[in-house]
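Each of the two complexes below includes subunit A, the first together with subunit B, the second together with subunit C.
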Partner chain A sequence: MNQLLRMTGSAAIDGTPIFSQLDLVLTPHSWTCLLGASGVGKSTVLRLFAGLAEGITFNGSLSKPGCVAMMAQQDLLMPWLSVMDNVLLGASLRGERADKPRARDRLEQVGLADHADKLPAALSGGQRQRVALARTLMEDRAVVLLDEPFSALDALTRAQMQELTAELLAGRTVLLVTHDPNEAARLGQTILIMTPTGLVDIAAPTSPIPRDIHAADVLRAQADLFDHLRRPT
Partner chain B sequence: MIMILIAILIWAALFYLNIRLSRSASLPYAGAIVPIIFGIALLVLWEAIVRGLSVPRVLLPPPSSIVATFFTALPILFTDFVQTVVKGALSGYILGCSAAIGAAILVDQYSFLRRGLLPIGNFVAALPIIGLAPILVMWFGFDWESKAAVVVVMVFFPVLVNAVEGLQDTDQMQRDLIRTYGSSYWQALIKLRLPAALPFIFNGLKIASTLALIGAIVAEFFGSPVKGMGFRISTAVGQLNLELVWAEILVVAMVGTGTYGVLSYFEQRLTFWHPSQRERTKP
Partner chain C sequence: MTGWRAGIAATCLMLALWQTVIWTTGVARFILPPPALVAQTIWDSRALLAEHAVVTMAEVLIGLLLGAALGFVSAIGLVASPTARALVRPILVFSQSVPVFALAPILTLWLGFGLWSKITMALIIIYFPVTSSFFDALMRTNRDWIGLAKVMGASPARIMWHIRVPAALPGFASGLRLAAVYAPIGAIIGEWVGASKGLGYLMLLANGRAKTDLMFAALIVLAILTILLHAAVNKLCEKTLDRPE
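Showing the complex of A and B:
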């Protein structure tokens, strides 16, 4: 997966234009953060990359990344399946043999090996999101799309999840949609703000991710992002 | 007069016992004992009032003679049970419910069916059974087939509506996620959407079980062979044999309660994960 992932063009839903003249490039093996006001079309971009174009009219060119893994704000766990079976859901849906040892490894990575047999309802919100992360890792895709995956978590859990996710998704091509300037400053290797008129490229810190919350370059980038987001366009 | 007084005393004693029982939460099985004692108290009161005031048997027979009739008429009751419940209601129920769930899967996938079929279903559901039953008896004959047909028509729509609603309960995000797993339509249906729809489907099945019993009995009023619960009830009323009518009602009550219990059991086993079930099973 060394080919550049690029989307250029415009999209509409039910005849209402969502964005136009967008030119988005994902650098392989690195994290791209996409920010922007809500309703500007970030999730639509993500769905197009995932090949879920149902109901979206897209005009332009889009290099299909093939199979992607996706993770959203809600954990979307199946409440009737155990944590283990949720991690194995993809294989089960494709009718493949369940690779339990690997699923156990993934749960170990997110620190939930002891909870494998529980139902999602018995876990906290942060733990459920970690199960969703294990499920995403289980798919082992080169491209991972994250749609505000940490925004429903409390600040402390969110910081931990950011670090864990950055560590476990290292080396993959990641598109992270977020509304949190701090998150973008900690995780983004490319940071883009989506506006109705196009993308604005913000200089991202160059240190490796996940960056320390207190690092000077993170705080600078965060302040920079705040200014851009607040500036009327 | 003495009899009524004794009855009221017994009733009051049982009532007092019940209040004590329900207050002392420590006792095991209190949840089962309390309603049983309440039921016994009610029966004692019924028996005593009917005997004490010598209420005519045609108006209200005492429970003891209803139970006596129940046991002497057991062969008749069993024949009627097989004819009405097993052949009429159960076969119609199974047929109607499976057809409805199958139709729900089609309706869910083809939106033109939803726009076309649901209004027709609404119309059929609004037809009174009193009008429907004679027509279906003419079409399918006097025997149980026509009763099963009435039951099919009655249960189809409630199950269909609930199943369609359940299948559409999964949200867009969930479907998107499943799509990125590269699953086929059928895999997603069986592994995700049908389980998610089960709480709704069970709701429909419970409503339909009551309707099936009513439908099979009432349809017999419009023609039947010389057996069946509806037939027996209408002829026994004519003969002023009210004990037999009550014995049949007893059978209906037992069948209804049993069916509900069986459905609830499976609902609890299969939808244990749903908030409504979790609330119930929590101590």
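Showing the complex of A and C:
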């Protein structure tokens, strides 16, 4: 996937304009973080990229990202399937043969190999989100859409998940929608703030991700982002 | 086992009340037979009661199985096709305004005095609760689960089979639990209208001959069978369909 992913245009839901004259470009093989106030249309952008345009009127052009993988704030694990079967969900939904050894590898990568036969209800919130990450990795897509995937986790688990996810999704084109300036400063290689009048590009640190929590450039970027997000638009 | 204890205590309380009414009012035994006499009759007529109970239970079980299967399939069909939904739902709702009791004579006319008019009656009476509770559960499927499945490239049929149906099984289970209580009502109504076997038929027969004790005996056997059926269905649902959230 070397072609540029670009979305230009406007969108409305049930006649209510959500955003207009947006011009969003995703740099291949890197992390783009999208921040902004609630209701500004971040999730709509994500849904359009995911092909879940049901109910959204979109006017403009969108370079089709092809197959994508998605991870949301809720882990969206099927409560009746074991951890292993949840990781294999994509295959069973497409009627493909279940590649159990590969699923086991993915579970090992997220440190849950011993929990393969458990039901999601037996896991903690952080563990469940790691299963969701394993399921996302199992899909093995060039483009990965992340919709506030860590926002429901406690601070410590969140930091661990950010590091694990950055490590395991290295080399893929990632769009991360987040509310957390710290998260954007740690993971963003491009950082954009979505406002009703368009996108604001914030200078992202240039060090490799995941960045250290107390690195000077992370703290500076985080403070910058706070300022921008507070600024009335 | 507080459930069991409470059940036994409630039964004892009812028996005590029953006996107290007889002692205080001195009502004739052909109006209200005492519990001991009914118990005696159940024991003495056990072969007769068993013979008729088997018939009634066969009607109930077959009706339950067919009604559950039909409800399962209809609910999926209604969810899968908006056209079917638009056409069939008003009919379903309308059908609920027809008193099912009124259908019994027609069913007997069409299907005869045998098993099938009663099975059909039981089926009709449970079809709506099963269909509607499963349908509601299918429609309530978490939109985000469906979205995830679409992103994963699932066809509507696979979304139905791998996401919606398993997600809605607890709703199907609550329909089944209701059905287990309703199905015997259907079978008994069918037997009252015209039958030559079954507990409902036996009750009418006993009533006509002023054998009130036998009537009560049949009624109690029916009640016990219904409770057992409900308990069995409940257990089955807990084991296979319910899930901890």
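Details
Note that the second predicted complex is superposed on the first by the 233 of 233 C-alpha atoms of A that agree within 3 Å, B and C clash if a C-alpha of one lies under 4 Å from a C-alpha of the other, contacts with A are read in each partner's own complex, and residues count from 1 in each chain.
Everything that follows uses one rule, which is that a residue touches a chain if its C-beta (ideal position, glycine included) is under 8 Å from a C-beta of that chain, and two chains touch if they have at least 3 such contacts.
Everything quoted here is computed from the prediction, not taken from an experiment.
With the two structures aligned on subunit A, subunit B clashes with subunit C. Residue contacts after overlaying the shared chain place A:D217 against neither subunit B nor subunit C. After overlaying the two complexes on the shared chain, residue contacts for A:D105 are found with neither subunit B nor subunit C. When the two structures are aligned on the shared chain, A:E163 is found in touch with neither subunit B nor subunit C.
Residues 47, 50-52, 67-70, 72, 74, 76, 78-80, 89-90, 92-95, 121, 139 of subunit A touch subunit B in one complex and subunit C in the other.
Across the complex, subunit C is touched by residues 47, 50-52, 67-70, 72, 74, 76, 78-80, 89-90, 92-95, 121, 139 of subunit A. Residues 142, 144-145, 147-154, 158-159, 162-163, 166-167, 169, 243-245 of subunit C are the ones that touch subunit A when the two sit in their complex. Interface of subunit B with subunit A (complex): residues 173-174, 176-183, 187-188, 191-192, 195-196, 271-274, 278. Residues 47, 50-52, 67-70, 72, 74, 76, 78-80, 89-90, 92-95, 119, 121, 139 of subunit A touch subunit B in their complex.
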